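Shown next, in structure tokens, is the structure this report addresses.
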Amino acid sequence: MNANYRVAAFGEVMMRLEVPGHALLVQANSLALSFSGTGVNVTAALTNYGHEGYLVTTLPNNPLGDAAASALKKLGLSLKLSNRAGQYIGSYFLENGFGVRPSRVTYTNRQESSFNTASTDHYDFAAIAEQIDVISFCGITLAMNDLVRSQMFLLAEEMRKRGKLIVFDCNYRPSLWGKDGYEQAKGHYEKMLQLADIVMMNEKDALLLLGFTTEQVDRKEQLLDVIPQVAKRYQIPIIAGTQRTIYGDNKHELAAYMYKEAQFSFYSTEPFAVYDRIGAGDAFTSGIIHGELTKMSQQETIAFAAAAGMLAHTTAGDTPLASIAEVEQALVLTVSDVQR
Amino acid sequence: MNANYRVAAFGEVMMRLEVPGHALLVQANSLALSFSGTGVNVTAALTNYGHEGYLVTTLPNNPLGDAAASALKKLGLSLKLSNRAGQYIGSYFLENGFGVRPSRVTYTNRQESSFNTASTDHYDFAAIAEQIDVISFCGITLAMNDLVRSQMFLLAEEMRKRGKLIVFDCNYRPSLWGKDGYEQAKGHYEKMLQLADIVMMNEKDALLLLGFTTEQVDRKEQLLDVIPQVAKRYQIPIIAGTQRTIYGDNKHELAAYMYKEAQFSFYSTEPFAVYDRIGAGDAFTSGIIHGELTKMSQQETIAFAAAAGMLAHTTAGDTPLASIAEVEQALVLTVSDVQR
Amino acid sequence: MNANYRVAAFGEVMMRLEVPGHALLVQANSLALSFSGTGVNVTAALTNYGHEGYLVTTLPNNPLGDAAASALKKLGLSLKLSNRAGQYIGSYFLENGFGVRPSRVTYTNRQESSFNTASTDHYDFAAIAEQIDVISFCGITLAMNDLVRSQMFLLAEEMRKRGKLIVFDCNYRPSLWGKDGYEQAKGHYEKMLQLADIVMMNEKDALLLLGFTTEQVDRKEQLLDVIPQVAKRYQIPIIAGTQRTIYGDNKHELAAYMYKEAQFSFYSTEPFAVYDRIGAGDAFTSGIIHGELTKMSQQETIAFAAAAGMLAHTTAGDTPLASIAEVEQALVLTVSDVQR
Amino acid sequence: MNANYRVAAFGEVMMRLEVPGHALLVQANSLALSFSGTGVNVTAALTNYGHEGYLVTTLPNNPLGDAAASALKKLGLSLKLSNRAGQYIGSYFLENGFGVRPSRVTYTNRQESSFNTASTDHYDFAAIAEQIDVISFCGITLAMNDLVRSQMFLLAEEMRKRGKLIVFDCNYRPSLWGKDGYEQAKGHYEKMLQLADIVMMNEKDALLLLGFTTEQVDRKEQLLDVIPQVAKRYQIPIIAGTQRTIYGDNKHELAAYMYKEAQFSFYSTEPFAVYDRIGAGDAFTSGIIHGELTKMSQQETIAFAAAAGMLAHTTAGDTPLASIAEVEQALVLTVSDVQR
Amino acid sequence: MNANYRVAAFGEVMMRLEVPGHALLVQANSLALSFSGTGVNVTAALTNYGHEGYLVTTLPNNPLGDAAASALKKLGLSLKLSNRAGQYIGSYFLENGFGVRPSRVTYTNRQESSFNTASTDHYDFAAIAEQIDVISFCGITLAMNDLVRSQMFLLAEEMRKRGKLIVFDCNYRPSLWGKDGYEQAKGHYEKMLQLADIVMMNEKDALLLLGFTTEQVDRKEQLLDVIPQVAKRYQIPIIAGTQRTIYGDNKHELAAYMYKEAQFSFYSTEPFAVYDRIGAGDAFTSGIIHGELTKMSQQETIAFAAAAGMLAHTTAGDTPLASIAEVEQALVLTVSDVQR
Amino acid sequence: MNANYRVAAFGEVMMRLEVPGHALLVQANSLALSFSGTGVNVTAALTNYGHEGYLVTTLPNNPLGDAAASALKKLGLSLKLSNRAGQYIGSYFLENGFGVRPSRVTYTNRQESSFNTASTDHYDFAAIAEQIDVISFCGITLAMNDLVRSQMFLLAEEMRKRGKLIVFDCNYRPSLWGKDGYEQAKGHYEKMLQLADIVMMNEKDALLLLGFTTEQVDRKEQLLDVIPQVAKRYQIPIIAGTQRTIYGDNKHELAAYMYKEAQFSFYSTEPFAVYDRIGAGDAFTSGIIHGELTKMSQQETIAFAAAAGMLAHTTAGDTPLASIAEVEQALVLTVSDVQR
């Protein structure tokens, strides 16, 4: 395998505890255990495409940290830019919905996790920036606390100094910011947007979070109107994202766009059946990064990213597992019989 | 939690032994174990809505009875109006169908179960009637034997004397009544219909079981024709029920009606995907009871009951587990993304 | 494989529902499903030794009967002498003990099972006797009801007429006979003892059930005293059995004996660890039958039977699965390392 | 049960190791174990219809062979025409796809399996042909090596001599024949086609493998054009097969045809949901054989076979498990509620 | 069932996440989920003895809280003296050791749990004290923080005012108190000791935590020396506890004592095999409480408590499940065969 | 983590398919899947001690190879010195014994595996030798075929040239060498012994395989007599090994020795309970290597290695998972209570 670029993510590793099948927590006797997180998902996906994946994170110094580290290594990620400190790991419980009953995610307290309390001294951000080509951040980390926010900016600045690629996925989660969330979040987001080379977002982020306005009503028209404004105000070279349509019979459809050098490219999937929704956005992000790194055309990139995102919905667990060949197959796919 | 009413059910607790997934019994090495029954399902659903649920039943005096008792307590039900006697518990085996292959239920012998052989002396029906506000019966118990039928009538009469609410779900099961079942069943059903305040049934019960006739061909027209006649002949204040449409792709649709004070209300669901069909009728019943107890309008009641019924199809196991908030959410539901 | 003899058993097939591991029924969400029974165990063990095994039984005519039939065929048994009728199968629930906490077996009602209610017309005992060389009965069937007892005697007599081998395992279970059990059982047992060629029993059966007396106190001395009397009174050519010693650390020890032509042979195992106690007696019985059929010496037979019994304690499930080679290996066994 | 015909298959028994649910091998901690194979599937299905099923195969002489033998007996198959020799069993790993992600089958090396290396001396083909009424072959065996091909022809010729029924399912698998597969395969196929009484194939086999040509473009038109030519050239009394349409939402549709005495019959299913695709073709074959053996009309036969094939898609595992009654029910089926 | 006393516990409910079998967290794909806690264990055990069990606790207001509440109700506990507030529940991960490899417990952060952050206003301690006869506290709660410590003392004082029984289990856990733990803990412990009627402790607590001294070296001699001093200094009517001996082969032995009215009673078990060590101390505590409530003699009480403790080691999970009959059977137990 | 040395192993990766619990293959519906091998075990153990572990192997280029690669990365091993080629992976089935019933291992054909058929061109042994400090070989690879034997010698010679450490574990497996195995193996073994710096063996290898003789009868005396002769003849700097005693109650005892610079050191464990026997020898080997690399005294080394070996018996799976701290704890271990 031909590793082209060294891609790192700064972010928290989460423990996912999933109720098997479609049962509720009150019915569960056992939980499926796995480890993921936005940064894990993006870098693991890129590892599957032949790059070297790194995490910049802090794991607890106990058997849970050992289990997380093993799981991350299994995905092909390197932990040599990570630390072990503290005792807790962020975790969430997942109950899979069915039909009209939605899935539910219940978080345990993350603020005391090893990552969210790790001292800035633990990280040598200059040395880290030296050893990688790309860094990926996301808005979930931005929502945590001042400590990790400051670490995020320090690392971004070290990357910027060296002219290296900075990716930022807006990923605004209302439940993490609480009341008046948009107001509280806006300043932090603007700081990141000014540092980033590639930003993942859609028109909702522009309108609700960043305060842009539009006369358009249709979602796609809104996109066409506001994304160029965003790119201009914050000087962002590439913006990409998806608009999701959800159908009643467990099918979703993704309309993906990419805006680069004042030009839009689009790619829409057919409606497709969804097995595990979580982590699919990260697969899309990884596709955009891979397309850029390997100098695909803008149209190839957005198609590759959309197919990667679609495929991630068909795989158990948060983390994308598809190879380049499988993503490309999904692009030309017509429904087919068993492969034997 | 604000328990408003004391709601009891008289009936058998069943052990459900389910082949995991979609395998057949000949393929099974293990079975999923749970406990349910019409009375369990109705009262447990009402417990989720904030009422106090009681069972009037008899469980075996052995480890199976212990397991059943624990399972019922887990659902929030009180067993203080129940007994322990005898050695057997009714049970059934469930093989889940798939697509064109129907699900199969295989019963073991119930006639010798603790409930179906418990002496009438075990129950102090007058004292029981004193301690509850509502009693729920169903046609399955009526099909068992003379002993439990007589107990059913005794308890109904004690409730009637005190002017307390009597609910009866017709629930006619051909396999329990055998050849000439309608003939054998009719007298017993009529006795119950005369005692009940709320009856669950649809036009088929009226036509096939009670012998009403109609010129109408369309199911809804038949309903409009015969239900008022039924209400009149047996002096039943409220009648409610559903007509189910089954689509080939594992989707069902419920057309629910409620007839009260000479007026019909209707509520039809969209077609919805079905995860576990069993017990859904009991969820509907519990919704009607809850609507009446909490003085919802007739239209609110039928909508709430239909949504409760629909939601019960999306949950593993016989027993409805939805809260009021979840039922209300299902009423206004559009398909939605994961809740996190 | 060289099938020497056609060996049948008359008896009930039981469904075993086992709580996994060492949990209690109140803790169980699932149960392990298997099918067994004394007759199943004895004939399946003999099938493993190269004989043809048959069951003379009646299974329910429903998916449970199908599952039982498949399980029996998997053990190599032929069902061509069996019937399908009725709807129920006897079953029991097993909770595995641990250390000072004993295992518990909870039966469901067997009296209504297909086997225990099958009409005598279902069986053509003369034709059955023609097609087999050996029949095996046990005291559990004797405890059921007059119907199956009469069938048992009819078949035994058909075998006797043809000079074919009749085996009877006393297997007295107090819980099946109730109060005054010995008195009620004695006559039935005596009838069987007079018909049998090989009887499995020990001194307790002689003393408590058949009313023999002895001055001896030590169990082995009692055996030496009463077994010859039993053989003489009922004209039994061969009697064999075991005395079990149970140690606190989950180890048992078997002292086996065989009495034939006025001579005793003995074989005692070392204490051995026990994995699944149920069905081990049937393995011993099968060993005695196999020794006799293949004309082993008396000493070889008792050793083979004891080793077969010991080995059955180390295997999951009721039914012995060891081959002749494995039994012979257990006889010369010293503790050994993994075989690879 | 009334076994009418003795139906055997010559072929390899495969071990199927399936990743549970929809996970990938890289995510799996455990695998579901079962045993199947084309010959197993066809004869087991016929056993369910009341015939006697036999396998002519060679299983390894070790615990894997024991496990396979037990599994086959459980399906009701007789192994008295089979051998035990060698040490290996062919096996494959199955990862179930989801939506746009296809299922994957990974084979381990089969060439060294007991079946594929068994000496011809192990089989007494003349004696085997005496003891059976029907033999079923398939193109997978034809693809293995010269040794088993020669055995296949020997057995076919012994059957032919005795005027007994020979069934051959073309079942061309490109991955087994490698580059220039059609060329290499053609001669072997032609030899089998000349020996067979019933051949399973469709227009693709005629065009790609046998080199027939047609001007038609539509699949059905192609069929109408080339199948009569095939029947004529190779003197095949009966040819049958299916054309499969795959829809995006996990639904398939089968258009089945049967050509006999210069006449076509057709039967098309509605689109139906698919649970386990593997082995469904074998169910179709078994239906054709059963129809012929029991002298159904041509139209009844093709309908029965198509329904058997459809039903096999709804059952876990490779091997069809439906009874005649269940196949007939599927023929008249409208979607229905739970059977209780 | 005849509930004699209303017994409550004040304390945290913990989520137990156990690696199945003897695997490590790094090897685990799934975890067994259950809910327990010292207070849960003590009151649930007493519920099994016929008392009414109550928890005074705060559970999170989310699906985890729902799951905990269901699990507690399943044990027969009432939550009517409990609250729902906050979002987190304390949890721990359990890896079962084997032989020379010890079991490991890894806690997640408890300080932010619903119980450890619940405002004192949530509880009406006076009203609670009115509704119960006995309150049980433990040293784990004492180690949490000032808030819950103050709540503990408030409730103890309300009980004291009413002359109701206060039980306190010292349960000193070094890991919860950190460096200089004994010093920090001592004052809090002394406050509780002065309030308690029954105290669970052994000589180590007296020597290490409370600072008593002795010239004795032997553990039992130390006990005889210091426990009377403790009783005297803090005016404690009853003190009881166990000294545990651990043998290499997974066997433990308990030497239990009880000191009351200046008199010691003792009971020592035989060495017994251990299945699940956690929660066994709580079973012992429940035995002492039950003995006192039901006016057993001092010797009967200590024997009952020791047997209850021993039995709890043989049962999966933290919470004792034995009935009075089972405890009494364990007292007279000799090793025995399967019960059927 | 402080990686001191780069340790590689040359050898095959095996797929382990284990029947859960103590069941037999004929009883299994599922198998636990893992990947291991002598080389995997030795290098993974050293990775846990802080070294960098590498495998020099060839994995198949299919989903099984992907699964193996993921599993190896999870253990912390690097595959950058490994290849992907071919299609098959060696595998074995494990049935866990119980008490007197031994465990059974059944292999599938390994000769066609990717490793055993990989062309020598795939490996650049000179480059590999440059990148590592230690290479570990074992006698299992030596038993495979001439191809891998030649590769083994090539790599050993490249290491030798560079003066790097060569470890060889004799690991003679009779079943791999067949009849006259010792004769066939001797020459190959002698070649490796002359190249190795550290050899794992005991007196049996010297006597049976290499043809040394002794007058001694006692195993330890034999060791003292022949090991110095072996060291001398083949010029081996360090020889180490264990003598295993197996007790009936699932306990083993290891007497370990190390011979270096004409001096013996010994360390014997207490008898300890065994959970998973496979791979324990590799843990011992890793302990010897670690001791040597970190310049422990000879006595420290042998004790560390013996404790590592002992601990590996207590952990599920083939591969040792203990940290240095856990091995050191096992050395000073007295039986202890749960760690919380």
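Going by the order they are written in, the chains are A, B, C, D, E and F; count residues from 1 in each one.
In this text, contacts are C-beta pairs under 8 Å (C-beta built on N, C-alpha and C of every residue); 3 or more make two chains touch, one makes a residue touch a chain.
The structure presented is a predicted model; accordingly, all values stated were derived computationally and were not measured.
Asks: Identify the chains in contact with chain D as well as chain F, in label order.
Replies: A, C
Asks: Trace the shortest sequence of touching chains from chain D to chain E and report its length in steps.
Replies: 2
Asks: Determine whether chain C and chain D, two copies of the same sequence, contact each other through the same residue numbers or different ones, counting it as same when over half of the numbers at the interface appear on both sides.
Replies: Copies use mostly the same positions to touch.
Asks: Where among A-E, C-D or C-E does the D-F interface show up again, with more than half of the contact pairs the same?
Replies: A-E
Asks: Return the distance between the CA-based centres of chain A and chain B, expressed in whole Å.
Replies: So the centre of chain A lies 46 Å away from the centre of chain B.
Asks: For chain B versus chain C, what separation do you get between their C-alpha means, in angstrom?
Replies: The computed centroid separation for chain B versus chain C comes out at 45 Å.
Asks: Please compute the C-alpha centroid of chain A, do the same for chain C, then give the distance between them in whole Å.
Replies: 63
Asks: At which residue positions does chain A touch at least two other chains?
Replies: In chain A, the residues touching two or more other chains are 24, 26, 29, 70, 104, 107, 249.
Asks: Strictly by the criterion at the top, what is the full list of touching chain pairs?
Replies: Final set of chain pairs in contact is A-B, A-D, A-E, A-F, B-C, B-D, B-E, C-D, C-E, C-F, D-F, E-F.
Asks: If you look only at chain D, which of its residues touch chain A in the complex?
Replies: Answer in residue numbers: 21-24, 26-27, 92, 97-105, 107, 173, 175, 244, 246-250, 277-278.
Asks: Which part of chain F faces chain E closely enough to touch in the complex?
Replies: Within the complex, chain F contacts chain E at residues 249, 251, 270, 272-275, 310-311, 313-317, 321, 326, 330, 333, 335-340.
Asks: Under the stated contact criterion, what part of chain E meets chain A in this complex?
Replies: 17, 20, 24-26, 28-34, 62-64, 66-67, 70, 87-89, 91, 93, 95, 104, 106-109, 111-112
Asks: Touching residues of chain D toward chain C in the complex: what are they?
Replies: Contact set of chain D toward chain C: 70-71, 73-76.
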